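Next, two complexes with chain A in common: one pairs it with chain B, the other with chain C.
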Partner chain A sequence: MMTGNVATAEGAIAAGCRYFFGYPITPQNDIPRYMSEQLPQIGGVYLQAESELASINLVYGAASTGAYVMTSSSSPGISLMQEGLSYLLGAELPAVVVNMVRGGPGLGNIAPAQSDYWLSTRGAGHGDFGCLTFTPDSVQELYDCTYDAFEIGHKYRLPVMILGDAMIANMSEATRLRERREPPTQMPEWAVGGRRNGRPRRVVNSLWTDVPVMEAVNLRIAERFRQAAQEQTRWEEYGDDRPDILFTAYGISARICKTAIDRLADEGLRARLLRPITVRPFPTDPFARWAGQVERIVCVEHSMGQFIEDVRLSVDCRPVELISRTGGVLMTPEEVIARTRELIAS
Partner chain B sequence: MAQTTQTEALPSHEEAVYRRPAALTETQMRYCPGCTHGTAHRLIAEVLDELELTDRTVAIATVGCSVYAYEYFNTDSVQAAHGRGPAVATGIKRTSPDSIVFTYQGDGDLAAIGLSEVIHSAQRGECITVLFLNNAVFGMTRGQMAPTTLVGQRTTTTPQGRDPKLEGTPMMICEMLSGIPGVAYLARETMIDPKTVADARRSIKKAFQAQADGAGFSLVELVSSCPAWWHKSPLESLHWIRDEMLTQYPLKVFVDYKRQD
Partner chain C sequence: MHQEIILAGTGGQGIQSAGQVLAQVALEQGLDVSEVSQYSPEVRGGWVLSTVVVSDRRVGSPIVQMADCLLLMSQRAADDNKGRVRPGGLVLVNSSLVELPPIPEARVVAVPATEMAVELGVQQIANMVMLGAYCKCAGTLDIVYFDQALQTVLPERHHRHIPLNLQAVQAGVEVVIASGE
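And then the complex of A and B:
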């Protein structure tokens, strides 16, 4: 048994991550605690930064040497990291950034929320891109997604966001661990660290004042997103094979939906869950497949209607109904069932 | 670009006494006439070559007039976000401890938006070297007030001169850092005549030596000119450094890890 925070940290270590930079913020403090204890014992570096601005730029520096590097934070801290995320994207540097989302906007609270969906998928800083984004719904999946995130980030030279929330970060579940892997010994051909042995110098940079060059860089990055969409899109389907209702939800909302679907089945209502495990790339294909086969599509999220936009773009103009709470309020399965009944009755 | 100056054969009766350091590329710099950035670049490059550190070095270019420093230093280079150079340098140094890492920052980058990063890097005793170019003005963005702007100095955004009641007083970076135990070498120099250029070179060398020795954080402040936004000729600018800037920013070696106290 371990908490989601610890599973995330251990998943990173198992993947070969040896560098962690962070700044304290609830509800993710168990990640830096675990890293500060573990990393020095295995030849790694844990460094507490003076701010999230520093954290993400420590990550930027470490990433430019080709190292597996990670930081974690929660919503207000991620806002501060957006500048650095944009630079990571622009300089084509991979890194793993964990966001255990809490209620917002502003200082908000420390309760579970999903209100950083746009921040992660649309606006990871200025410029033309978001992050590759995983949305695990269990402690096991936090571990697995974080484990995979480093290799995937390096393959496409993109920052990867693990988009969790205060609930999965702090709940405890049985978790199957893999053997800890050593960090990669072969540094990528773009990594800096001194020219050594007279090799040509390398530059990590996001400044391109020659506009056609900047466009070419953006097209190159876009191509990597396209490749990642083909190769890395993940989702899970759960429930009835011939559903009347298609629920869709990610993260903690999906856990609540699974319970609601089981209970609705007991009441004779056929429902299925389509749960994205990656939201960027978004699993558009299964949405397109199911959209024409169900009577209604219901999106369940703990935000004011952010995730639903990607759902609507994927269901061939079919109507999508929203069940949501916000501000850190978590729905019970009973509330989801009751509000589904209301939608059916209306 | 090809480095030709180092390999060109010279006629036997001639001896080269001045050539481009190997640590500088052939790229033509974009600095304004009379600006001291070029001198500073050359001194850094000479020192890296002399200490045989060029092949181990990662230069951090920051934001401001020196944003293209990654094109000028013939080393691995990383371009950093505005003010974040010391954090980026730390990230590199911690993952690649054999590298020599330096940031090249102006007064806007270091003293305004990046103050937190430089102070905390010094406080950690981070083995990096910071070259801090102080010309009392934001150059690239067209001459606005900087934290280091002198009292009474006219800038684009202090058209009546900096008023300490409204805009505070010039920020003394070396004096702020001088009490921090993690600082191994700290000096303020300038480059207005052969003697001060030689002094600056010596301090830059000691700063890099401090890093190579693993002694801690090192920073050299170079009181520099900005003829374009001071609205002065190159020569008048050097005189203005001597008569005005150095009164506010006296030259001094604040910390030297090798000095016996």
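And then the complex of A and C:
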């Protein structure tokens, strides 16, 4: 048994991450707490920065050496990291950034929310593209996604966001751990770290004043993103094989939907859940497949209607209905069931 | 089998520990489990809640609004949470500290947990007395798994206290038997 926060941190260490930079914020403080305890014992570096800006720029520096690097924060802290994230993207540097989302906007509160969907999938700074984004729904999956995120980030040279929330960060569940892996010894061909054996100079940079060069950089990042979409898109399906209702939700909302679907099945209502495990890249194919086979599509999210936009873009213009709460209020399965019944009755 | 449990008390009563031990017992028994702890920001005397969902299937929602079983350790916990039990549910009350609230449609069991813990030597194990009583009343979890669960959950420096904790669990079972509940 461990909390989602600890599983995330241990997943990173098991993957070979030995560099963590962060600044405290609830509800993710158990990640830096665990890292500060573990990393110095295994030859790693834990550094509490003076701010989130410093954290993300320390990540930028360490990532440019080709190391496995991580930072974690929660919503207001991730807002502050936007500039650094954009620079990571522009310099084609991989790093893992964890966001345990809390109620917002502003300083908001420390309760679970999903209101940073746009921030992760549209935002993550200025410029022409974003991070790869995982949306785990259990402690085990937080561990597994974080474990995989480093290798995937390095393969496509993209920052990877783990998008959680205050609930999955702090709940405890059984977690199967893998053996801790040593950090990679081979330096990537783009990494800096002192010129060796007279090899040509390497530069990590995101400033391209020569316009065609900037376009070429963007095109090659886009190509790597397209490859990642082909190879790394993940989702889970749960429930009835011949559903009348297709629910879609990610993270904690998906867990609530699973219980709601089980109880609706007891009442004779056939429902299925389509749960993206990556939201960038978005699993458009299974949405397109199910869209024509169900009577209604219901999106359940803990934000005012952010995730629903990607769902609507994936279901061939079929109507999608929204069940949501916001500001840190969590729905119970009973509320999802009652509001589903209202939708059916209307 | 699916059971949702709320443990509620005051800072220092071992509510989070009890929630974790209970969850680990369920896990040792081969069940799936999800546990969530919450607490108010006060340094001392704030409220503490641990919610545990135990199931023989994969646990879906970890969110517990209304529970099948309430464990109320302090008066404030009882005042704030006495309404959070489903009809026909079970309420265990630490009667050493809590005036028994009238809860219609629920089976209310009084356990003088703090007094029993003091008799055993230390009041901090009142939480284990309550867990023992819970296991006996609910009948879903077997107390044989507490030894292993305590070894997993407690840091090694506290392992010398495990026998006392097991005594407390046993005392909780016996008080329920003696009360004829």
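In this section, the second predicted complex is superposed on the first by the 346 of 346 C-alpha atoms of A that agree within 3 Å, B and C clash if a C-alpha of one lies under 4 Å from a C-alpha of the other, contacts with A are read in each partner's own complex, and residues count from 1 in each chain.
The working rule: a contact is a pair of C-beta atoms (placed from the backbone, for glycine too) under 8 Å apart; a residue touches a chain by one contact, two chains touch by 3 or more.
Just so you know, these numbers come straight off a predicted model, no measurement behind them.
J.: Tell me which partner A:Ala91 touches in the superposition: chain B (first), chain C (second), both or neither.
T.: first
J.: Return first, second, both or neither, reflecting whether A:Leu207 touches chain B, chain C, both chains, or no partner chain.
T.: first
J.: Is A:Gln227 in contact with chain B, with chain C, with both, or with neither (first, second, both, neither)?
T.: neither
J.: Give the label of whichever partner, chain B or chain C, reaches more residues of chain A.
T.: Touched residues of chain A are more numerous for B.
J.: One more residue to check, A:Leu53. First (chain B), second (chain C), both or neither?
T.: first
J.: By the touch definition at the top of the document, which applies to A:Ser172: first (chain B), second (chain C), both, or neither?
T.: In the superposed model, A:Ser172 contacts chain C only, not chain B.
J.: Kindly classify A:Gln293 by the partners it touches after superposition: chain B alone (first), chain C alone (second), both, or neither?
T.: So A:Gln293 meets neither chain B nor chain C here.
J.: Go through chain A and flag every residue that touches chain B in one model and chain C in the other.
T.: none
J.: Which residues of chain C touch chain A in the complex?
T.: Listed in rising order, the residues are 20, 23-24, 27, 32-37, 58-63, 65, 152-153.
J.: Show which residues of chain A lie in contact with chain C when the two form their complex.
T.: 1, 167, 170-174, 255-260, 262, 330-334
J.: If you look only at chain B, which of its residues touch chain A in the complex?
T.: The contact residues of chain B facing chain A are 54-58, 61, 67-68, 70-71, 74-81, 84, 87-96, 98-100, 116-117, 120.
J.: What residues on chain A touch chain B, complex-wise?
T.: Of all residues in chain A, those touching chain B are 19, 21, 45, 47, 49-51, 53-54, 57-65, 67, 69, 83-84, 87, 91, 192-198, 201-207.
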